[in-house]
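Scrolling down, you'll hit the structures one after another.
Shared between the two complexes below is chain A, which pairs with chain B and chain C, respectively.
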Partner chain A sequence: MKKFIKRFVKVRNTTEHFRQSEHYKKRDIVSAFGFLTPALILAILFIVLPIILAITYGFTDYYLLKPNDKEFIGLENFKRMITDEVLIQSFMNTIKFVVFVVPLQLSMALGLALIVNKKIKGVGFFRTAYFSPAVLSLVVISILWTVMLNPTSGLINELLENVGISKQPFLSSASQAMYTIIAISAWSGCGYQMMIFLAGLKNIDGSLYEAADIDGANAFQKFLFITIPTLKPILMFLVITTTIQAFKLIVQPMVMTGGGPDNSTITILQYIYEYGFRHRNIGYASAVTLVFTIFLVVISIIIKKLFREEKTA
Partner chain B sequence: MKKLILLVSALVFAISLVGCNSKQASDKEKITVWTQAAADHPEGKMFADRVKSYNEAHPDGPKVEIQNITRAGAGSGYIDKLNAAITANEMPDIFTLDGPDIGAYVDSGLLGELDEYMSEGFKDGFTQAIIDQGTVDGKFYGMGYSDSGVAIMYNEDMINALPEDVKALVPSLDQDWTWDQFIELSRKVDEFAKTSDDPAFANYEVPVSLLLTDITAGAYELGTYYFTPLLWGNDANIVAEDGVTVDGVLNSDKSVEALTKYAQLFAEPVLASATESEKTFHTGKSALSVSGFWYVNELINNYPDLKFKTVRYPKMSEDFDGLYTPSGSWAFVRNGQEEDEERIKQIVEVMEWLNNDEASKEYFAKNGSIPTRINSVDAIDTNTDNPYHNDAWTVLKYQAENTNKSRPVSPGYPYLSETFAKDVILKIAQNKTTDEATIKQYLDDAVKKIEIEFEKYKK
Partner chain C sequence: MKIVKKTLFYILASLVALQFLLPLIWMILSSFKIDEVIYKDIDTIFAFVPKFSDLSFDSYVELLGFYNIFKNVGNSLIYASVTVVVGLTINSLAGYALARFKFPFKDWILIFIIALMIVPIEATILPLFLVVNEMGLINTIPGYLLPFIINVMNIFLFRQHFLSFPGELIESGKIDGLSEVGCFFRIVMPSSLNMYITVGILTFLASWNDFLWPVMALSNADLMPIQVALNAVFADKYNIFTSHMMAALTIVTIPIVILYIIFQKYIVEGSMQSGIK
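Here is the complex of A and B:
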């Protein structure tokens, strides 16, 4: 343990004094241990232990009402997953959500950031207005939109009808529900990303645009050859965080559609929650969690790899 | 340093031993009760009062301690805590469960039977539906403290605006009527509403409110509770007597027939919506409503301007003479892992106190819960100064005494109920499905899903 802490202290401390020092006092080790312990306990309790438990339970028939009767059933849970139509559908729904929401949300955020970056009167109000959905609870947002999208009496359908478009079923139609959730999610999440893009835009050296003006570049060319390349690190950061966040979709479908109609909006996390807690089938839910975790790790590695290539390019 | 660690470890060990001993000692002196009602809700308060009166009447007996744990929606929160207690082997002595869930807990060996510990004749004091709800494999496990009911309510102003021949289709509160008659009335209401400018129809949206939005919101049981009776009234059911066979039962011809009649509500022009707006009936947007018993207090207290009348839940067939109205509710059960006979007797004594005739009357007075004791049904007051209250309770009282049927007992009921509500009841409404073949397909698909899940109960 002493050796481990010494190594930890050595790695973590970057000051010249510590880098040059070969010996650590007992007091330093104890205080390092003291600072490390709470985080270590939390990490073990809430990250390491659940992962180990999920791996273990995934191979059992653990039923929550019979916690003492767990039996090892080998790959049974994993075999069941292959033929589980709802699980496959929930996986495909999650992928569909990610594929659509990430580009939509990021382009909306970038568009809004470009608008509020203009030096025009009242821009502060718009910044606040566009950012406000980011501070609202997702449950509140979901309930609000459910009321507004009501097919018969909702505000959105009233507006559509006033402009001559027939009322839409939105959340009650299997073909529209997921796209509706995608649009709402993009709207509610883009405010936060707009602020990050805005910070990036503020950091772009104005002389670059001046030089481009002298060279006769138009607005689109300036956006394409100055703004986008300068924002690339921010863009990559947002792609990674938004993608990971999108895979964790659960609140909106749970509140707005319950996963329906016809399971068209059920997501992997909702499926895991329902199987684990509502149906108390911890064994099967753990197996799904395990596979999904592996999938997410692979996705993260791919994105990281792309990011690295981007950096070296 | 090593000495210090040793000293601290010894101290912690000693404290934990003392803690264990004192816990065991104190556990013997008290009986813990968990309920799913919020402490500040009338239901939570009535339990707290009942426990208080027990402690006052039995100063020498074990002290009863109650914990009212708030539940959300279908029971989460409370159920999560119960699951945690089961995993940690720290179940309370007495706790509440929704009636249809009793089978699952019995199957897992978590509940103790009550028959041999109850006072002479105590069980017979419950209504038959409540006895059936608490009985698994012939043994009684759950004392229902509250029954429930569903009836049809209509907006009096809207019905009064209809032509006389349509008005004549509305039954009186002591008359049986059929689903076909209910559909016919709904159609006439809709036809009138679309051409009339009567102020009673100013907010009109849809003729019938079904509250299917609750299924979408996760309260699956409501769909099963409201509409399984259509199958009962057609000599069908959602699961066989053994509680684990659905193939040939849920998807039987009789089930298809009953659900095809339910589907008439969604044939064009649609009479009901899977996405009706919030409080459709309460706010005068629908003329008719399939209404749970909780509507009575809600409408009287919060919607005093709404004139609502109540009639019986419709039968599928006029000739059907079996039980067919929805019933059942939460019940008290005991921890089946308690082995001390003397203590079990004390626990069951407390359960009897919480469920006797007097308690049943108290619960109706304080919370409007339909009494579960035969001798207490008379506590239902049908002679107040509010005619809407009186009508509603006359119907509900009649159904509790004559036609209420408990939901089926099955170890896999929660999954069965969710699948039936979501994959059949809601799906028909959302897809506006009206043809027999598609409904049969929904039922076959649901059966396939349930069979996979029920495999574990058949082992």
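Here is the complex of A and C:
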């Protein structure tokens, strides 16, 4: 909360119209509330109310098919979470996804940005090509890859056989499915981050490289001592947004594997969906929602804090 | 030496490009083949290079014969357009009020907006479903659209944008007899067109690509947006031909490709502002 206020005061001070002591004009008040009301009503109904409901229902045994018989059961739902093996697995799956996809996707994106940051003929074509998977929706990507990864007649396995590698089960094997989803997610998402890295690379002062050339630095040294440090703010921004996004993984496993095989690809968000929406067990799903939401908020605050320290260092 | 280096660069860049393009080429090409040809070509170069004698529109005709996919594409276009038009209006009005007027509780409303920005919407999607359900709006278009009309991030972006809007322009509008609302729609909105396009495109894409919320909020097949309908068709995967599926994927991809070609500049700019995906 203190951080909020601090950040808020900074925001407020940028308001040129703001003066504490001046009294309000009636016309301004009427206009302002007229302009604000639709947004405020929608925000209260569809953002605040859900949060309040998640908090209250999390402490009950509310079951959607018996709405009149919900009882306050205290911390029972939260106790159950600790021993819920599928929930723990879905949490570990989500962590696994985040830990692998963030570095993979960002290093792919940086590599691509370095390739297309050349003043050379035809570079526009490469830029468009690398960006092209980002145009597809996640559902289209998931379906396309599921078809291509078909264990018996899919494109990828046929190509693998052509180069002498035996057919792989990919999505139908508990040990491979999550890694397959990680690879496909990185493939589809890295185009966006490439564009953002590229904007950062374009801002690097060319004279830095010239100076390094004079000092006899090689390409790797230039990359390590000039490119990386200048890209740091952008890198941290991308780490934060990609990490938070990755925690909310659901579409790919929902379409490609349905969470299987053997719950090897079920994620937290999907677990909440299954329990609350499919099985109508609102009380328990609300409790999980609550913990997950707090977890995400804490994670983003921690990463932002690291970001701030990095920046001042 | 320089030529060798250049050649190496082009080879490397092209190999990387193939890795991104081949799946898309295969998708489009396969949509113009019948299944037998797809599987006959699958381990040859013809999987990726058109052999014109084998191509036909059969799979499109057959797909549309048993499933009218354009109905769902149309639904999605309408939903996304409504979300953009209504959403931009409501959110920018709120942003404008917070940037320009002096009124009581302004600080508190601003704190409120900023606080809501850090709550991940997807994480609270289940309680959102409960609220819409309580309102009796599940399986209705308003129930599907209303929750995502409001976007606190966009309110904040608009506010930041309007903070630097020249006050003289608005004053001159008022002297000419425009009301506050008139000034907004006739002066502020048209002169912030770039901002509106950028935010609008991102809103459109988010709405078009949305999956989880429509799955929960709309189960009526006639109302389904395209992403949900695609998955429903695909879920029946043992009864659908690969060529039909690829035709469906291609149809869904075309409107977005057109959008990208027209608005490329704004999409990249906008992604940097909000860091989506």
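By our rule, the second predicted complex is superposed on the first by the 292 of 313 C-alpha atoms of A that agree within 3 Å, B and C clash if a C-alpha of one lies under 4 Å from a C-alpha of the other, contacts with A are read in each partner's own complex, and residues count from 1 in each chain.
Operating definition for what follows: a contact is a pair of C-beta atoms (placed from the backbone, for glycine too) under 8 Å apart; a residue touches a chain by one contact, two chains touch by 3 or more.
Just so it is clear, the model here is predicted, and its values are computed rather than measured.
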First, second, both or neither for A:Ser153, with chain B first and chain C second: both
First, second, both or neither for A:Thr257, with chain B first and chain C second: first
Partner chain(s) touched by A:His279 [first = chain B, second = chain C, both, neither]: first
Contact breadth on chain A, by residue count: chain C or chain B: C
Touched partner set for A:Leu65, first chain B, second chain C, both or neither: first
Partner chain in contact with A:Ser172 - chain B first, chain C second, else both or neither: first
Touched partner set for A:Tyr57, first chain B, second chain C, both or neither: second
Which superposed partner A:Phe33 touches (first chain B, second chain C, both, neither): second
Common ground on chain A, meaning residues reached by chain C in one complex and by chain B in the other: 147, 153, 254-255, 277
Partner chain B, residues of chain A touching it in the complex: 61, 63-67, 80, 86, 147, 150-154, 169, 171-172, 174, 254-255, 257-262, 277-281
Residue ranges of chain A in contact with chain C within the complex: 4-5, 7-8, 11-12, 14-19, 22, 24-25, 27-29, 31-36, 38-40, 42-43, 45-51, 53-54, 57, 112, 115-116, 118, 120, 122, 125-126, 129-130, 132-140, 143-148, 153, 155, 158-159, 161-162, 187, 189, 191-192, 195-196, 199, 237-238, 241, 244-245, 248, 250-251, 254-255, 269, 272-273, 276-277, 282, 285-286, 289, 292-293, 296-297, 300
Residues on chain B engaged by chain A in the complex (per definition of touch): 76, 80, 83, 86-87, 104-105, 107-110, 205-206, 215-218, 273-278, 285, 414-415, 418, 422, 426-427, 430-431, 449, 452-453, 456
Contact footprint of chain A on chain C as seen in their complex: 6, 9-10, 12-14, 16-17, 20-21, 23-24, 26-27, 39, 42-43, 47, 90-91, 93-94, 96-104, 106-107, 109-116, 118-132, 146-147, 149-150, 152, 155, 163, 180-181, 184, 208-209, 211-212, 216, 227, 230-231, 234, 237, 242, 245-246, 249, 252-253, 256-257, 260, 268, 271-272, 275-277
